[in-house]
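All remarks here apply to the structure that follows.
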Amino acid sequence: MSGALTIRNSVVFVLLAALALLPLYVGLGGNIFVLTLFTRIVILAMAAVSLNLILGYGGMMSFGHAAYLGIGGYAVGILAHEGIYSGFAQWPVALFASALFALVIGALSLRTRGVYFIMITLAFAQMAYYIVAGLARYGGDDGLTIYKRSQFFEPVNLSNKVQFYYLCLTLLFGATYLVYRLVNSRFGMVIQGARSNELRMRAIGFPTYRYRLVCFVIAGTLCGLAGALLGNHTDFVSPSMMYWTRSGDLIIMVVLGGMGSVVGPLIGAVALLVLEELLSGITEYWQIILGPLLLLVVLFARGGIDGLLAKAGAKGQP
Amino acid sequence: MTLFIEQCLNGLQFGLLLFLLAAGLTLVFGIMDLVNLAHGSLYMIGAYFAATFAAWTGSFVLGALLALAATLLVGMAVEVIAMRRLYGRDHLDHVLGTFGLILFFDEAVRLIWGPEGLSLPLPPWLNTPVQILPGFQYSAYRLAIIVVTLAVAGFLYVLVMRTRIGMLIRAGASNREMVGALGVNIKLLYTLVFGLGAALAGLAGLMQAPILTVQIGMGENILIIAFVITVIGGIGSIRGAFIAALLVGFVDTLGRAFFPDLLRLVLSPNAAATAAPALSSMLIYLVMAIVLVVRPEGLFPAVRK
Amino acid sequence: MSEPLLQVENLAKRFDGIVATDDLALTVAAGELHAIIGPNGAGKTTLISQLGGQLTPDSGHIRFDGHDITALPMYRRSRLGLARSFQITSLFLDLSVLDNVALAVQAHTGHSFRFWRNARAEAELREPARAALERVGLGARADLPASVLSHGEHRLIELAMALVGNPRMLLLDEPMAGLGPEESARMVEMLRALKKELTILLIEHDMEAVFALADRITVLVYGRVIATGAPAEIRSNAAVREAYLGEAEAEGTGHG
């Protein structure tokens, strides 16, 4: 991410500024619904950023990433149901459960490559879905209502929409920065090298399996945090959060935004969810447009929006 | 005891149905190196077509045949319009592109048939119990499924192993450029193979329709199981798909039927009741996990990969 | 200096009925440049893959610097001082030239579970990488994406990556493959200079280069060693002439 004043960097800057200033806009008479929508966008953007770590930078095509949204959400939901409302208890559990799940699934799945890896991560995530859907005590298929959001110290109050939005935004920026430092570190170099040419990495002396596993766990844990936020946001968790097509949605965000940079997924999340809102206002059958659109992006704009912006900038320069 | 036999037959029937689905998926992957997530959508379309055509014509069998033909056509159309452009690309591109197709098909079905789902009632002559063993009766329709799917499996075997087209399919699997260089119309071959895969999926969809469901999203549910089977059996291997499908069919059916009772032997009734549904669903994934640990490439991987 | 640096005994490898390596024995003394030649299909790349760890032999032993490395994973061999270059260029094409070589440096400098510092700013990684690139003559091209360099330059990056770990021995699989006459000459000079600093095991088809550089030559046919010795001996060995050199003389010496 260079600091040059390119079209792409300008757009990103404006986007980040707009996100930061959004509550002001809402406070000045804008629709409160916008704040709710963008809180959701910010949370899912965080999930997408975590996915890009393994997908874009690591080349690990995980189709089970939404499982962590569910795990994080249910950690909050289940503990709340049992009367434990403290965020200091719930959130570490969310993180730990996500990390553990990622560790086990990753250890098994990372022995495989390519198509096998896609299918396996998909299947394991779906397994988690069925487990959760089978927990009758916690709502099963119908889901579980969360009557009280995660509690922290006064004056932090997650029920305050503006506060909650800024908390999510801060965590999003923090997660993005963390991913930025990760991918440029020694660890990140190994991950990127393994994506580029795994056999060569092993030949020059890297035991790539363990690095990829650690990367996988980090990504899962970050997404688990997003899950805890999502549960709080909707005051409700259900197995559908983890259904495999939600993993597909996350992948769409990453690819649509652009896999080559840490902010790409953020752009993608905003673009996709705003597009959904706009399209669903036009027709209830908006997915009929989204589906082929996705195919077109894959065929013609593989670098995503980020890539298109970079190209647009390059054209204007000698 | 009769319960056990019944569940075994159910497991066989389910497994065979799954085989149809998995065979199409693995065939397309083995020949064209294409990961097709929209395979489940073709399964769904087969069911919807069957329900519609059966209602129009008043005949279950006629409706089924028309649905099969329609699904074949849709499959070939999809191949020509969309799939062609994906050959040779990264698997991630396949995943994304075909995921887009899922969205499209789900919504298209909702547009045409509405969100409610349909039903496909059985004609009386199929909806009767048949005496197989003294004192044991089994649904005629489920028997019919077993017979039909075994016949199709046999047909596939003969097709792939003994005919010229099958030889081309196998040759295509091992050496695309060569087959093309021999003057065989690879484009047409691929379209036909994809169409075959679609027809298999559609057949599976329409056959399960009277027993289970005709609704939007049914494709996504079953696709996962097809993937599990493909992983267990080995990608690109029809024989592997057959064995794995039967394995999954038995484990899932027998598991759901008897596992809760097994649990009750070890856990308290309450705990067993809570854990049973979740754990029963997990069984086939456990099998997959075990296979992965022991043989990551699947039980009968196709030689090429 | 009695113990050879590399010692191979009774090495065997089959692929589905085809014997690729057949009871092969080989020694390489420290400091020598040892060439392996043989007709196509003789099993040269299979041999080097077993030495480098990409393949596991069915039977036999490989000893390097006193250690039994027969079943040792790839990454461990690299750390013991045995480095390999590949016949088909295998680089990180979406990274820069310097990134490529820096990764090779990174493999040898401690663990890589460092999550925060910018690796591209670490002198510990970048300096040796630049030095290696200078050594092979690519210093000026270091910051370009690897994908834009020529095939010949890719071979040089390969060499640079093999050199960074300061290996004791290099396994070079057809370093001249695909090089034109000028680039071949450059590579020969490079190898001549490197010869003074480390032990080299070289597979090559380019006979001019082989006879110019090698201290000893081993001839492989159908996975078996049919002759080993100084270049002059090999040139005059009847069995070798028959099996191989006759072919090569008909083909000519330069290739690329």
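Each chain gets a letter, A, B and C, in the order it is written, and its residues are counted from 1.
The rule we apply is simple: contacts are C-beta pairs under 8 Å (C-beta built on N, C-alpha and C of every residue); 3 or more make two chains touch, one makes a residue touch a chain.
Quick caveat, the model's predicted, so the values are computed rather than measured.
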What chain is the most remote from subunit A, judged by the mean position of CA atoms in each chain?
C
Closest chain to the protein CA centroid?
A
Could you please state the distance in Å, as a whole number, between where the Cα atoms of subunit A are centred and where those of subunit B are centred?
31
Centre-of-Cα separation between subunit C and subunit B, whole angstrom
49
Between subunit A and subunit C, what distance separates the C-alpha centroids? Give it in angstrom.
44
Give the residues of subunit A that touch two or more other chains, as numbers and ranges in rising order.
none
At which residue positions does subunit C touch at least two other chains?
none
Spell out the residues on subunit A that touch subunit B in their complex, using ranges where they run on.
61, 63, 108-109, 111-112, 114-116, 118-120, 122-124, 126-127, 130-137, 243-245, 248, 251-252, 255, 285-288, 290-295, 297-299, 302
Help me check something: in the complex, which residues belonging to subunit B touch subunit A?
29, 35, 82, 85-86, 91-93, 95-97, 99-108, 110-111, 220, 224, 227-228, 230-231, 235, 274-282, 285, 288-289, 292-293, 296-297
Could you list, by residue number, the parts of subunit C that touch subunit A in their complex?
52-54, 73-76, 78-79, 83-84, 86, 90-95, 99, 102-104, 106-108, 112-120, 122, 125, 161, 165
Could you pull out which subunit A residues touch subunit C in their complex?
181-182, 184-190, 192-193, 196-197, 199-207, 211, 214
